[in-house]
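Heads up, there are several structures right after this.
In the two assemblies presented below, chain A is common to both, partnered first by chain B and then by chain C.
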Partner chain A sequence: MPQTDQVPHRFSKHGFSLEKAIRFFFASNAGLTIVILLLIIAFLLKEGLGFFPGYRRELQVYRIAGLEFVDLSRSNLSAHEQLASVLNRAYFAEINGLCTRELKRSQEAAALFNAFSDRSSATRELLVSNLGAGAEAHPDLLATLRKNHAASIHQALAALPATPHLTSAERADLLQSIATRDVTATDDPPLVASLAQQYAAAQQQQSVPLARLRETIDAFEAAGADLSVLVSDMTATVTATKEAIQNADILNKGRASLLAAAGHAKDPATRERLLTDARRSLAANPDIDAPMQALMLHKPVCCAAHTALRQACATILEQLPPTLSQPEAQRLLRAARSATGPFLANLANTPQRISEWRHDQPVPLSAAIGSFLTGKDWVTGGEWQDFYGILPLLVGSLMISLVALCLAIPAGVGAAIYINQFASLMEQAIVKPVIEFIQAVPSVVLGFIGILVFGSVLRDISQLDALAWVPGFPIEERLNIFTAGCLLALMSIPTIFSLAEDALNNVPAAYAEASDALGASRLQTSFRVIIPAAFSGILAAVLLGLGRVIGETMVVLLVAGNRIKIPDFSSGIGAFLQPSHTLTGIIAQELGEVPLGSVHYQALFVVGILLFAIVLGINATAHQFISRPRN
Partner chain B sequence: MVTDLTNQAAAPPAAIQIANLSFAYHAKPALRDITLDLPTHQITALIGTSGSGKSTLLRCCNRINERIAGAHITAGSIHIHGIDINRPDIDLQELRRRVGMVFQKYNPFPKSIFENVVFSLRLSGVRKRSELDEAAERALHAAALWGEVKDRLDTSALGLSGGQQQRLCIARAIASQPDILLMDEPCAALDPIATLKIEELLHQLKQQFTIIIATHNMAQATRCADHTAFLYLGKLIEFAPTIQLFNTPHHPQTLAYVTGSFG
Partner chain C sequence: MYNPESLIRKGLPKGHIKDRLVRFSLGLVTYLIVIIAALLFFKIIKDGAPVLLTTKAPYVDLGFLLDKNETLHVFHDARGQRHQLAASKYSAYVKDHAGEPIYNERTFSYSGGGIIGPIVGTVLLTVGSMVLALFFGVSAAIYLSEYAKQSPFIHAVRLAILNLAGIPSIVFGLFGFSVFVLAVPVITSTPSERTLLTVPLFIGKAVLSFQGWNSSLLAGCATLACMILPVIITASEESLRAVPQGFRDAALAMGATRWQTIRTCVLPFSIPGILTSSLLAITRVAGETAPIMFTAAVAAKDDLPWQSLANPFDLLSSQVQALPYHIYTLAARIPASEFTQRAQYGSVFVFLMIVASLSFGSMLLRAKLRSKLKW
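After this line comes the complex of A and B, so read on.
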């Protein structure tokens, strides 16, 4: 029976009871978080969505001014330079490989001497500067300085790097000569000098049979000269045009804002003044047709240069030796050979692209979006042209995450299985808090541990002769994808471990009991019943770990090496030992320095949106697995 | 290691001989001095109030009680087909394959129906598909479930109804062809129709298995069991053929319980 005239609660006052107030307080707390999240999304979209029209205008200018035309030739030129550099590296790898012994001996002696100099230079410089002062220096002071220097020499001699390739007699001789060195001497110790000479002589000697290869490489390098001159000619013209267009753009923008302000102005005098200003700032339309016509005159010359370069390169590259004796040189030669085909093909079809190119072709918005999503270059603040291609960053993020997951999944899930299924109570009491403690280490601390300890140790290990067969060894860069991945693995292990352990814990005890009653051993129960039953939960744990890895910023910024380039996959798995940049790292690094509201600034926001979408997607998938009903 | 627990020719007619068994959880005694011979190929019901020790007694027969820390036998022995199952050198996994068990709450694994049934065969390393198929069909037939699930063996076992899931658990328990089947209040979580089906099933299963069923439902004991044991506070009060126990109980406590005066 509906109650029509309700008696108000005795606490209620003007329809507002204590109960309602409490309810409202908690509802507003929950509501606030949602509102803040929505505000963040709205802000990201507002700042980011302006990017595509802005980038489109930049690409338009790139075309109208003729930079795109020059880049047709320029890309071939840089490909040519890259190929030449690979060939040069192959040449020197061959020579150095043939005189490895001399190289190592010379390097070790020099390294030993340098280490000694570094450690004793402070006291030495003090002594030398006081000696230079001549009679003014107090003899007691000099004596003390000498004593200090002798002590530091003694200390330095005690801890010098190992020299496995020097004989013990040579090492003793070297130590003797540096210990008894005159303080003012600046030349190298005799052994260091003689080993350097021996190395140079060996290089000289080994280069004799390679003279033909040297000639080929030189000829190849020289072949690009014509095109190079042509490109730098055209570059001057087009940059001037581009600058003119950009200046006009800025003036137009200023004028538009003046007009807008005039439209809003209430006072007629102010409006008049603003309108006058606007009229005065009317930009002279930059002359783009004349320079463009001049540029178009280059078309036939460009085509001819390309055809000539192609013919020259094709003949020269055929003269390369079929094999080289050193493995590294052979690898580089093979890399050069596989790059040759695309290089020549590009050269062959460039003339056609040059003649078809037109400056007045429109740039659609989709071209800007496509260039953002699939562009291989992220170039900003350059003099030539800015490109915002996300691929190198995305590839970097994904490769680092892959390394991290490959290490963290076995470690985290394995530890969870062991702790949940097999460990004694004591082991549980020790291991669980320790793993969860890793989470408490601030990521910036992990980052510098990664740089100082892990990166250096890894590089030192990679330089061991016995490990030269590992792909990518010796590591060139101390900071690379692998080191970043290792640290991120360490960071995500607690997440994966805790959630996977929870998932295993949540498997109903009845399953284990039933399995035992059917005659399963401990191991069979774990691997045939418990773990399969917890599988979706474990998968969710891994996904949430991945979300954490992709979103992590500090460690990758410190440890990943921050080179904006898609790693070179020609060295196979060694690509993981190259430096890289990431989606998160680029935002942290560049956002502080970009002009507010510029296209670059907006581009970083779009990267942020993309990152947000990726992590959101991963978390949503993970929650799908978590909430999947078990019964 | 004792691995052969099959029925020996020289074995006595009782499948399970329990002699002076006492059992405790930590220091708390749960069974006191129980002596009981359970006959082969018959159904024996264990009845009693909650906490009377009927489940504990059942769980001693396949030593599943050992999963609980601190649970141990304090005196006496259990022989199955003449072999002491508490010998230190017994093969526990083989024992549990010979003594199947069905639990109060049906608990199929979150796997397909087929994989549930052949679970124990997979444990013993059977890989041949034909052998698995045959065993699954036999076990499902025996559990009167074949007709209902034969077309969806590969679907999840968790999609079946409660009664079907419990019959699937019975099929899973008998797939390795044990001699003895322990049932711990198998119908407690089921509706009357599903209960009826399981009871019908028990009569068929009796041909092949020695069945011990713990139940708090006296009507079920009278319907199914050949023999009934009445336990009270961990002691065996009376053990007799079911008709005799319910109609002319010797012990006054049994009389009080079966007439409903306490419990």
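After this line comes the complex of A and C, so read on.
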């Protein structure tokens, strides 16, 4: 860095000079970074800040039109349906558990036959289409096709799934019947059909002692009928109102823009024309009072229906058997029992909420902000009502980051300690370039590997019987939080590794020498002197890795499964094996499809602002740690 | 790389079992990372190399590299033989075999033909953004290293660089979309309806309309350049500072002006370093998908960027295909099957080879530079 001040030459004029111009040019380029940062902030805010008023208006319409009122009942109805479905699953789990042998035999025979049909279908369809009436195929062609089909049958027979529950005689019989089957036959082979019949008979037989449970479940399902009819009645009314309000909003907006254009128009004729247009498009204020009054008449009926449903459910649920014999059925029954309490409590307090509900209660701006920050639903493009709740996305992003950091911190920091403290020069020369190479792998390639290879491998591993004790195994979806977390860990390891290694390298040699001189072992020097001294740097490395993980888009978009739902934590750690969506993924997925300037579009920009704030916060904290003087 | 401490402390006693245990477990973690990385490369090379490499001369399947991307048609002919043809060859086949039935026809989008479109698009995007980023980035670095003194302005610039470097790429995508696609000024005689502001230029009917460049090569380049700017500035500043102070002092003492000093005694010695670190920046620009998703990239395009243009400048305002976006499309939008594997693994293999050779080249150059320039 030059220390001398630039003294203008004696003869150079004060004011403009070439040197000054050059200097100014370079300075303005340096200033470009500030301009870009300010532009980013300004345009994110410009596109995003309109969201809250727009969302507030949507929530207001939601209330005025009465959709909110209907949702009070609807939520209970859907809880009722869910409970009924859990009970049904428990019932069938019990029955299937009791006739496992028949179920397995039937399934295996069917799977064998399906695998065979899949593999020989191409040649078979070809043959059949030439055999059919009207197809006058040449005999030579038919012969070739038959030969091809025979070959594919032969191939298909060679690789069929195992059937541990069928006797070898049965299997041979089945193979015989499918090998000699007529190509045009469409019915199942006799053994498959008879096993299916046996299974049905066994189900029939096992359901006799469970008849009482069946009746209870049926009664429970039937109890919701009244409320269901009521809700669908009200739904028709309120959606019509909502549509009327929205149409009026659109007309009003068009009118406002016509008026604005008229204000700008210089030509009196044009202005007159625009004004006439505006007057013509004057929207008739939609009639919201009459439908609302009609809706309010439902209040007592609704309350009564809820009370009735509650009483019915309470008595019916008491009749459930205390235990079921099959473990899966028992688990589902327990889940149903634990859901019963909140369900009944909700039913109990709904009448009061219904009678207190008022359509003319204003929606403050804070309600829109609150609904965005704490809303549990991100529902867009639906017919009923759009909700922009950030929680499912935020939770998804955080859970994926947690998985990634749990894997990347030990790996990255451990490797940094090993390379810096223990490795030979030779090892350093191998490992460092490899890790640098990982950093160069584009994220979309990692996502590609995740979607095509890693997800399936993980699912296959989870289906091993030996690993059945791991919570959440076997996994249902191959694309889930854990898969994404693993790949993001691989992405952030180079960042964490190289920064942590720098931090360890920056510890003055005197520290280590002093420690050695005092007689400390290598391990003591490393873990009690060097690592504590580099701790703030390592922490900064971890934070910068976290910033990278949260901001990463392509991997999570491809691999996280993209289901917008807060994972179900009732299954404990298995929640990490469920699919999820993320802050970054939602922007990448939806920005291409939304209309410019719509509330949804603005919502995506607000998500961007949030992401920007989170990552800048993390990075600022990290740089605090880096610049903190070592004591 | 070279850590003298580890040499000095080499002679220390190795310690007992606990020491070995810790050493072993840390080594295990380290080599696990190396093995996972190796497995990843191995998988891509194993499935991708057969697509691109052939056993006959010229040992490379030029069709995959040089053909346009098309839909793949898979079908059986009347003799029961299976064909896999890209759309253009398929229509030629249908014309040649008019009247013959076709069975079991299935189509796979984006899976036929080659990937010349995405390759060309990525090259254009990379070159464009690197030209922009190098021009502005090196200029900014010259100011920071040669002119700047402690001042609030410099402090703000450094803070901005630090913050820009941390912004997630998808936020750059949002920024590029709202600024370069929707808001930057263009000179036009027919301003679009969504223009933010029009400024008359008093030359014919032309006005300066703030309506953006639409989704185009230029918008994509500008977005990527903004994203990579902090990396370029930091690397260039480092290279400039590596030039010994004596060079500058000597030049200034001879009566050279500040700019002459920079031009003759600082820049020539730092250019190799700047270019080396920009190779690394290129790998990042070429690999990014999120910033170009809404600003430049398109999934399918029939022509190469320069074909069917009214005038050469339309190249900048047309959308392009890009290799990372192509891979995203192949991975996310079409189901994996035996017929799509060629396109999927082939594209990833080509992409990874490009990125790997850039990154490897940068590593080699850096090593060479270190041994050559020792002041």
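Please note the rule applied: the second predicted complex is superposed on the first by the 482 of 631 C-alpha atoms of A that agree within 3 Å, B and C clash if a C-alpha of one lies under 4 Å from a C-alpha of the other, contacts with A are read in each partner's own complex, and residues count from 1 in each chain.
Heads up, the rule we're going with is that a contact is a pair of C-beta atoms (placed from the backbone, for glycine too) under 8 Å apart; a residue touches a chain by one contact, two chains touch by 3 or more.
Being a predicted model, the structure only gives us computed values, none of them experimental.
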{"item": "Dominant toucher of chain A (residue count), chain B or chain C", "value": "C"}
{"item": "Touched partner set for A:46, first chain B, second chain C, both or neither", "value": "second"}
{"item": "Partner chain in contact with A:126 - chain B first, chain C second, else both or neither", "value": "second"}
{"item": "First (chain B), second (chain C), both or neither touched by A:521", "value": "both"}
{"item": "Which of chain B and chain C A:615 touches, first, second, both or neither", "value": "second"}
{"item": "Chain B versus chain C as contact partner of A:168, first or second or both or neither", "value": "neither"}
{"item": "First (chain B), second (chain C), both or neither touched by A:415", "value": "second"}
{"item": "A:596 touches, of chain B and chain C: first, second, both or neither?", "value": "second"}
{"item": "Chain B/chain C common contact set on chain A", "value": "512-513, 516, 521"}
{"item": "Of chain C, residues touching chain A in the complex", "value": "1-6, 8-9, 12-15, 18-19, 22-23, 25-27, 29-34, 36-38, 40, 43-44, 76, 78-80, 82, 101, 103-104, 136, 139-140, 142-148, 153-154, 156-157, 160-164, 166-175, 177-179, 182-183, 194, 226, 229-230, 233, 241, 245, 248-249, 252, 257-259, 280, 283, 286-290, 293-294, 324-325, 327-328, 330-332, 336, 344, 348, 351-352, 355-356, 358-360, 363"}
{"item": "Chain A-facing residues of chain B, complex", "value": "62, 64, 67, 92-97, 100-101, 103, 105, 107-111, 119-120, 122-124, 158, 169, 172-173, 176"}
{"item": "Parts of chain A lying in touch with chain B, wherever the complex brings them together", "value": "508, 510-521, 524, 528-529, 532-533, 630-631"}
{"item": "Complex interface listing, chain A residues touching chain C", "value": "1-2, 4, 6, 18-19, 22-23, 25-27, 29-34, 36-37, 39-40, 43-44, 46-47, 122-123, 125-126, 129-130, 137, 141, 144-145, 148, 410-411, 414-415, 417-423, 425, 428-438, 440-445, 447-449, 451-453, 490, 493, 497, 505, 509, 512-513, 516, 521-523, 544, 547, 550-554, 557-558, 584, 587-588, 591-592, 596, 604-605, 608, 611-612, 615-616, 618-619, 623"}
